[in-house]
Each structure stands twice: as structure tokens, then as C-alpha cells.
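Single-structure report; data block below.
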């Protein structure tokens, strides 16, 4: 993965023969994979679950849990093959992991581990997108959508960016851990579905109170924790670049908190915990594509601007659109993801700077990847969602279900019984 | 017998209870309610949106007392619950026709 | 550990000399141990705590926290010696870890780390069993029970299965990570104690509302996360088998979610979060013994059937018995554990298939181990519980305590003060 | 780090050349750093948040989140340079990590990773101290305080203990993972600020009910989990000493639970979950300085006494002082920290015993370090807090804010909206 | 003075409050209650067991008003709270003998 | 019509509800309250400090019934809610002047 990018940077990692298992790298990747796994049914589930209203908490959490489960299945069935199989436009040949044994290697780690690691990315991408649809999308529609989306939207985009195949749709963009592939992609997908679904009945009318900022912060903390696996794990080795990625990830997340809260304080004279937690996520999104190349100064700027930008997006820009992006997946993952992708080309540590680096042409590559992702994800997501809606007899719950809340109606449960 | 209901500020509960205990009121039932009145609510934030909270947390105390003690009870509550700031709350007095103590079956004044 | 089984599969791991510390393997096992630790006072505590009624939440959580603490103590005092000391029926010679230094190795990792790793298994086993007794067992009784049970039930069974000693009670069963040793054993123990304790007063009369499905899902997610340490850690190395175990664990858990929810949807037209979370756990239980040998197709089937079976157990079979297994420890760990043990012999990846593998005789070995575990755990657990009850003046709280709830009466606390 | 101590013990680790990256050690330290990170915005945040009253939960959590964010920033800006730069009284030369690249090593791991690892210690130290100030300190004051404190209190003390420089203020004390540097230091700092702030209006008058013991236990479990990174990570290698540190950490935490609950049971006939969780933390604090040298018997005593001592501190000693240490940071981290530091010199495993070890002179070294920490932290913390108060126009919120609670007034949010 | 109590569907709270504010009602006390009535509860699931929830979440609004305004208040509530579906709730009117505003000590109609 | 209010022990709710349903009471409103009375509270602990909880959890049931059925309702409640131990609670009866069913606009006895 990221072989292209790695080659670009001519990292010494590649000097290691590709055919010997390194137990240190494997140890790190076992853990990194577990970390990223935790992000979906725990981190994102609580982050989103805490942000939603008390009558839809379980439904929101169920989206993440379901997305992870369905995503994992689809990934081993076909997604991995499309993303990392051989081929130009899409990969093939690894359906049901055909041909991969416990001895197969991917670099210095077992390929089965690489499969698992990449699968967690696919799952979280679609789970992030669920945030835009929440409080009105049908549970069954979303599950079908999740399965289809991973195969026809996520896997191809991954293939172009990371498969290492000489595919026509790779522009040489720098996306170390998935700023464009995962976050922008998911943000756009969420936005498009939110547009198709229409607004929630209460949107803009009734004050929407989050179930619990405690869960929001806990979710964000778990996301932050897991993100070390996401970013430093994307090095697929326990080395100096992984260490650098780890450090800048931590710094950018911290600055995201500071950036969001600082602007919020200036505007409203309040420092919310939902804001701090959202800022952390914004900082993390922003550093994701740059985590393999940015240095500490870059991370400070990327995170700070990421946090401030996230606030600006949800507090100001959002109201200029008529789209009810329930939990702001687009604003925090999409908008901030674009910032991160651009910043990646600008803020590079001396020690990570490729020889003959040309910022101008790199920026073109970044914008090309951004553009491709927006267009492809935008269009194909819409198609996928229409298909999923058709299969499940409409993608939106009825009015009564919406007003009583989905926890009671769809799941027959309550978030808390005191 | 009369029912005295008082809607007060939550942090005054202990004071009022103690004051009532001192004048011999040994039974009451308390619940958490939300009050809407002249007191302006604080504002809450949610992801960059600000909104005013209309309903403020209050405590409702209900106690059924003998006709004679109503006067003393209400003045005790007023004294203990007053802060002088808007939102201190109200007291309502109404008639109760019958009381029964479930445990013993005693009724009316004996059951207060 | 599992040397027997490993030898059977003739994995190349064993070619490494047993007497050099490998820092990669050690790194992985440090983490794996921490992961399994997290399963008890966090994962299981929340999973069970969320499932119980609001008046018994803290008591339920206290069972897991207490079991872990007491279990850890007993394990280093004597449990490890019984389980992994030398000897036929039981091990001896390692009381208080006598003779083990920071230089002692167990394979390629420090033996002290192996001690810690295995100790987390002992603790979670008895914590799982607490789920059957909850809402009526005395706290003090359970604590005494936990200490005794680990020494006389858990440690001997572990010795037979995993000590690598040529013990007469090892049937050559495949139990990579403890399907029989941990889950079936714990499920049976819980069931027996539930039988002895009798039903809760309200059982079958009053609707029992779980305190919070949010906690149930969070607990399940943490269990899932920790289970990577449980299963992939049971390889005691960071290698291809660990990677395979990791991947199939993830797949089976996902399919457990899908299996449970799918059947629930068919039966009740609702998809509960408690169900999804329980399905994940059922899937994880099912794959546990097979995690070192199953491939991805096997994991799909094992997990899916595990989830469906879990639902079937608690929704249908349970009512046929008159035993009030409060949180279904038997149905989810015992019944599904049996399924997993049988499936282990049936679904083996090509790459993990031992030469001259004979499914028939392997099934006999599996059934022998299942039978031994049921009989031994069933009988000795009963004795241990009677002893613990006697020591604490009866094993069940009085009626008033039960109806007011144990949080208030035993712990003097409330789960939440709003 | 801890080079001094390591040299003292003449561990074989040091034989490895300092200039080769070891992927196993790096893997472990990547994870250990993530573990310690999790301790602050998740572990401590929930532990403290659950202990506070419902009207101040978010504020309390915000202290930990904010401390971590600000701490991370300050650490990479200047803190690391003061702590681990060259120099006698304070270090210099590494401002903004100047001169460190992804190839720089610290022992066998990348120096950038060492920076990140140590940064998590700085952040948690100041977050621990927040526990003494909660429910009345201004959010802005605390944030300024956190930034200053890390630079002028935490970093110098770290420099003396751990920089390996021949500094005049190192007494040869044994402090493997920060019993004095982190815990005693933080406890003293909290106590001093609590003294300056004065009591909460309600202190000693109204019964203070913790928001949720469920969160307290979850927080403690996450702290415990993270502490494996804290203690075993302080070896900065995946080896036998790390394994030993891991095991004794686990044992001492377990015994801390048992110690606290046992004494509580004797005194009050109740076993609280808040007590169990606090006991775990006390056990962990106690073992911290000894984790690299104690054996399993030592860990049992250190943890048990630590737990009992923690209870005794908050239940008895505390009332003898007139200081309102809101969440008992001093009693649990300071008092128990002193116990741990003394015990470190007393309970040493045979296998970790330095040649010619002289307990008497080691105790002198321990007391010297304790004394220095109390005096330096006590005085300089006071100065720092006065400065922070001055900058923010007073360090304490007004009466109405205090009685309405800081969540509503400062953050404009509620912990839970049902 | 009269006490008007209305038990309504939770999601109608904002509408009813706004309608009452429009006719000049500036004080009320609201609480979360559970209602048992003709409206059939939904079913909840717990690990494969299904049970019907008898008690449904409702909101109780209480406001004390002058005798003259009772009529208008009740009709305003009926209008704003009605959905036409079973479970819309009820209004109860009863007598209040005395009102006291804690902050000022004002009583009765002045204190409404 | 009369309002019958009963403050009972929480775990008696199901029994009382069932007993009332048997005698034909089909509407009631229930809320969670805290009771202060003769029943001594349990003690709670917080980090080595012990304190007594004065307010105990109780359930308040309110139902408006016709004048004729008051007798039967109260005796049914007494029977079903009694445990004989202190803290069983009380029943209060008061007058209701008007009832309106929001859904239909029906009033008084028709609306009970």
C-alpha cells in the first residue's frame, strides 16, 4: 500500500527485501489493525451516538456496528480484490482472498494482516458517511448501501490511490493514510445521500440536543487512539516514518482541539466539549494525508487550521447550503479533508522532503485527486443509494417513525433505562 | 387538609427541607420539573449553533398538611427558598379531601 | 502454550530456537496481554453492566472488576503453577512464580509475560461465569468462589489442554485460544451456579429492562478489540498464523453480528443493538478454538452460525430449561462454545491443514474434550460454590436486598446520579 | 530515559548498540505511547468525570482533554528541550524538536517516538493535578497554568530524574516510570492549588454525589490498561524487564483494588465501586517507581498497602487538613506516590537486584528525591498558579457559576440529555 | 384561580408552549411522566424476549391561571396538542386556593 | 370527578396497575418522585465518606376517576401497595372540576 508514494519518497524501508517477515513490523501492524477496528464500533459509534438525540442514539450506534460488520464481510469477499488485486481500472483475482495463505507476505508482514488492516479502512469510511444520514435513513437501506458502496465506490478509489498498480487514475498525489481516499470520499458520499434523503422534519426548527457530550468526548478519544494505527500504521512498518507519523498525528489532533475551541470562544464565549472533541477529529482528518511527510511545525499549522476550519464549516458555511448533513460528516471529513490534502503538498518536513520536490506540480496532483474523488464518489454514491433505496422500498423512514425516534421503532430499545 | 406545592430552585432543596423539618413537617414528596417563567434561560451550544433553553430545572415539593399549619408552612418555604432573584418560584395551595396511609389504613389528619 | 497443537500443525514457528527472546514477538505479546486485560474490567464489565437492570449495574460491574483482581492474585500465587507447572494431572513447582526471572523465556518471549497473558484468561473465565449469577448472588460469595474456581477448576483444565505436558487427559483436541478451556468451561460453571442459586424473584414475571444498550455495545466493541489479543495472541508470536487468527476473528465477529440480527429480524421484525452486540460475542466465542486453523470461508460460516445459534439459544432453548441464567453466560459461551469446538475440526484452511488430517478422529477428540469439560467443570464448580456459600453464610442475598437492588444495599452507590 | 537507573542495574539492554533501530522495540513503544495517550482524554477524563457532580462533569472532562492538547503543544515547542536537552539544571537545544529527524534514534527506537512517549507523561501529570481544583477553578486559568507548569515544573524535575545528564539534582533515586516525577509531583501541585483556591462552597456541607461510578470504573480500567504502556513502556524496549514491569503492574493494581475494598468493608460494611476503582489507581501509582525492579511478592505488598493507604488518606487523613482537594489527587497520587517511592528501595526482585545494593543509601536517595519534588513543585506551582490567575483575571469562578455548575455556564452543555 | 393540567404527547410540547405564550400565559411547570391509557404501547426486545411497554412517555404541563382565562387556555391546548390519534392526552382543571410568589411575597392573582 | 394520587414503593407499580386494571381503571399517569417521610433512607458512600440519603425513590400514580369509584379505587390501591413496612406511602384524594379529552374534545365523565 502506498507503495507509489513510498517509492516517491525513496524511503529506506523499501530496501528491506519484500519477502521476509519482520516480527516487529508484524507486531505493530497487528496492533495498528486492532486500533483502527476500535475506531468504528466504539470510537465513531460513541462520537456519533453522543451527538444524536436521545431517541436515535442506538440507531446511530447501530449504523457504525452494522457498517463494520457488513464492511468486513464484503471486504474479504470482493472488496480487497477490487482494491488490491491486479488490474488497471479495478483489481481482480483475489475474490474471497483466493491464493492468500498465512505464508503470503505483503512487504514485511503477512498479507492476511494487510487484508485485515485495509478492511478496517473500508468499514470506517462508510460508517463516517452514515453521520450525514442519521435520524431518518432506513437501517436496512443503509446496510445494503454500505455493502455496495464499499465495492463500487471505496474499493476503486483505493485501487487508484494505493494499489501500486500502474493505473491511469493515479496522479501521483500524496495521501499517506487516506485523507482523500477515506475522509473526503466519505464526506462527499454522506453529503450526496443527505441531499437525496432531504431534511429531517425538525431540522432548523427545534433545538437539537446531543444525547451526551461525555460519549462524544470518549468517542473522540478512542478515535484519536485508533488514529495512531490509522496513520502510523499506514507505514506498514515500525520505523522512523511510523514514529514521525505518530508524533504529528498527536500534535495535529491537539491543535485541532485548540483551534476549534479558540474560535468558538471568540465567537460565543463558550468552550464546548462537543467542540473540543470535534476539533480533535478535524485535526486528525487534516493530518491524515500528510502524516507520513509533515514535520512538527507543519502538524501544528495543519491541525490548528483544521480545527478552526471545522468550526467555520459547521457554524457558518453549512447554513449556506440547504443540505441537512445531520452530524456534519461532510464538513468535518470532506471540507477539512480537502484542506489536509492541499496542506500535504505544502508542509513537508525537511527529513521527508523528496529530492527535486516541486510543490506546484504536487498541488496539481492533489487537486486532481480531490476532483476525481468528488466527482466519482458524488455520482456513484448517488446511484448506489438509489439502488439501495429501491431494494428496500424507499430509503427514508415514515414520519411517525422519525418523530418517535428510530430506537423505539426500528430497534425496540432505549438508550438508557434508569 | 391542604396540599402545599412549591416550585423552587434546585439548590434550595436542602435548605427548604431542613426549615420544614424544624417546624415539624415530616412528610413530603419531591420531583424534578422544568419551569417556564420570567426567568430567562441560559444558552446552550451545539456544534456552532446557539440556542436558548426555555425550560429551567426546578424542584417541585408537595406536602399535604393540616389546615392550621398552612400559614406556617408557606411562610417557612418563602423564607428558606427566597434568593431575591427572578425565578425563585411559586407556592400553590389547594384542598385535599381525603388522605389514606397505605401501611395502616389510617385516614385524614392521622395520616398526614 | 498450545505447544501440542502447534506441533500437530508443524508450524515453522517452532523452528526458531526456544531460547532467544524475539523483540517483535515480545512486543506483540505485551500488547496482546494488555488487550485481554481490558476485556474483563472494561469489556465484560460494560457488556454485562449494560444488560443488567439499573439497580444492579454496579454490582454486576463489580463482579468483573473483583474477578479480575482476585483472579490475578490467585494466578500468580498458585494458579499458574497448577496450570503450567510440571506434572501429569496437575502442575506443580511454580508457586509464587518460583524460579522465574526476567530472563526466563517461554518460547521467544519472557516467561513472566506468558504468566501475565495466561492470567488474564483465568480471570475472564470466572468473570464470564458471573453473568449467570447476577442480581442475586452475594458479592463476598462470588469473590471466594472466583479464587477457588480458578485453582481447582480452571487451572487443571488448562493444564490438560495447554501445558504441553504429556498428561493423560489431553485428547489431542484443537483449542487454539480457549473455546473449551475458557468459554465452555465458564458457561457450564455459570449454569451450574445459576441452578444452585435458583431463580431471581422477578424472573419470568417482570419485564427486565437493560440499563443501557449503549454500554452493551461499547462493552462488546472492547471485547472484540481485546479478543484480537486473546486469539491472535494465543500464537505467542507475531507471525503468519497470528495474522490469520486476527483476520478470522474479525470476520467471525462481524458475521456473528449479522447472524444474530438477521434471525432476530426474521422473527421479530426488529434489529436490536443488544442482539448485535451479543451476536458479536457469539461469533467471537465460536471462532476462538478455530482461530489458529480456520480460513476466511470457515470463519464466515462459524461466525454466522454462531450468531444465529446464540439467538436461538437465548430466545428458544433457554425457556425449555428452568434455570435462570441471568445474562445467558451458558447460552452464549457454553452452547456456542460447543459449536465452535465442533466447527474447529470441520473448517480448516488449506494452509493450516495438518498432514494426514483425519476429521473423524479429530471430532472424537473435540467431543472428548467437550465432555470432559462439562463433567469436570459441572461437578467441581458445584462443590466449589457450596464451599464458597458455606464460608460466607449462604450464597444468595436476602429478598429485600434483591428487590431493592444490590447497588444500593451492597455497594451503597447508584449507577448514575443526574 | 531512565538511563541512569538502567546503567545502575546493568541491564543487558544497554549492550545493544544505541544506533540501530529495533523494529520490535519500536513496535512496542508505538503502542505504549498510544496507551499512555489514552490515559488522559479517556481514562482520567472518565475517572474524574464520573467522580464529579453532574453539573460539572463536562468541565472536569474538559480539563483532561485541554491539558492533553495544550500539554502536547508545549511539549514539542519547549518542554522536551528543557527535559531532555543537554544541560545541568535544565536542558536546552531542542526547541521545536530542532535537529531531530525520522532517522534520529533514542536507544533502539526513533527519537521522535521517544518525544511523543515522554510528552504523554507531561500531559497526564498536569491533568492529574486538575483533580484537586475541579468544580471551582476557571477553565482558562487552568489552561494557562497547564502550559506554564509543564515547562517550569514538570520538565525540570524530569530533567533531573531522567535526562541521563550528569545533573547536580539527581540523587540516584530509583524511579522507573515516574512515581516521583509524575505522581507525587502532580499530587503536590494539585494540593497547593487547592489551598490557594480555597474550598468549594458546598465542601463539607452538602453530600456530594458522583455523577456515575460506571464511568469511574471504566476510567480506571482504561487507566490500568494505559499504565502498561506507562510502566512497561518506560523500559523503552520489548524485553524481559518490560515483561516484569508489565506483570508487577497488573498484580499491584489488582491488589490495590483488594486493599481498598477490604479496608472499606471493615470500616463501613460496604464495598464501593468508586473504592475499587480508586484502589486500582492507588495500586498503580504505588508500583510505578518500582515497576522495573520489584518482583511479584513485592508487587503484592506494594499494591495492597497502596490501596489501603489510599483509603486511609481520603477517609481519615484528609479531614485533618483544611484543604479541599476535590478529587483527592494529592491523597491518591501524592501520598501513595511517597509510599511507592519508599517501597521501591525496599522490595526488589532477586533478578533485578543491583550488585552491592545498599538499601540504606538508596532510601536516602529516595527521600532526597521526594523532598526535592515536594519543595520544588510546591513552591513553583504556587508561583505558576498566581501568574495564570493574574493573566486570566482571577483563578476562581464566581459564586453563581459555582452553584449552577460549570457545565452550563462555561461550556453551555449538559452531560446527558435524556 | 384554577390549575390546568395537561398530559400531552412529548413532541407536542414546543407547539403547545408557543400557542400558550401567544395568549399570554407566561408561567408553567412541566414534567416528564409515563402515561397508561387506551394507546397501545410499542414492544421492546431484550435478548430474544419481546414485551409490551404499557407506560408511554408523556409530558405533563401544569399552569395556574385566573378563573377567567381557563376557557381560553384549555381550548388553546386542545388545539395545539391534538393530532387526532389515540393517546393525545387529557386536560384536568381544579381549584387553587392560594398562590404566593416566593421572590416578592405577592399572592393570588398578582402572583399568577 | 376526583383525582386519586398514590405515592407508592416503586416495585409495587406493576401490582397496583394490574389490580386497578382489573377493576376497570384504564387511564393513569405515573411519575418518578422522591419521598421524604418516616422511612429512614439507606446510606451511601463516596470515597470514604458516608452519608444518609433522605429522599427515597417513590412512584406517584395519578388517576382521575368518577366520584362513585373513589372508594373502590383507594381500597384497591391500599390492598395492592401494602407491604406493611414503613414507607408504603399515601393516597390523596381531591376534587377535579373539569376533564377534557384532547383527541375528541369530550369532557368530564365521558373523558375519564
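Order of writing sets the chain letters: A, B, C, D, E and F. Residues in each chain are counted from 1.
Simple rule for what comes next: a contact is a pair of C-beta atoms (placed from the backbone, for glycine too) under 8 Å apart; a residue touches a chain by one contact, two chains touch by 3 or more.
If you're wondering where the values come from, they're calculated on a predicted model, not measured in any experiment.
Among the remaining chains, those touching subunit B as well as subunit C are A, D, E, F.
Listed here as common contacts of subunit E and subunit F: B, C. Under half of the residue numbers at the subunit B-subunit F interface are used by both copies of the sequence. Centre-to-centre, using mean CA coordinates, subunit C is 51 Å away from subunit E. Chain centres here are Cα means. That of subunit A falls 33 Å from that of subunit D.
Multi-chain contact residues of subunit C (touching two or more other chains): 22-25, 27-28, 31, 209-210, 268, 270, 272, 274, 411-414, 416, 418. Residue positions of subunit E with contacts to 2 or more other chains are 31, 43-46, 50, 94-95.
Per the contact rule defined earlier, chains pair up in contact as A-B, A-C, A-D, A-E, B-D, B-E, B-F, C-D, C-E, C-F, D-F, E-F.
Partner subunit C is touched in their complex by these residues of subunit A: 21-28, 30-31, 33-34, 37-38, 41-42, 45-46, 49, 57-58, 61-62, 65-66, 68-73, 76, 96-97, 101-104, 109-110, 112-113, 115-116, 119, 139, 215, 238, 410-418. On the side of subunit B, the complex with subunit A involves touching residues 43-51, 53. Chain contact summary for the complex, subunit C toward subunit F: residues 206, 403-404, 408-409, 411-414. Within the complex, the subunit B residues that touch subunit E are 2, 6-8, 31-38, 54-55, 58, 60, 70, 74, 77-78, 81-95.
Across the complex, subunit E meets subunit B through its residues 3, 17, 26-31, 64, 94-103, 105, 111.
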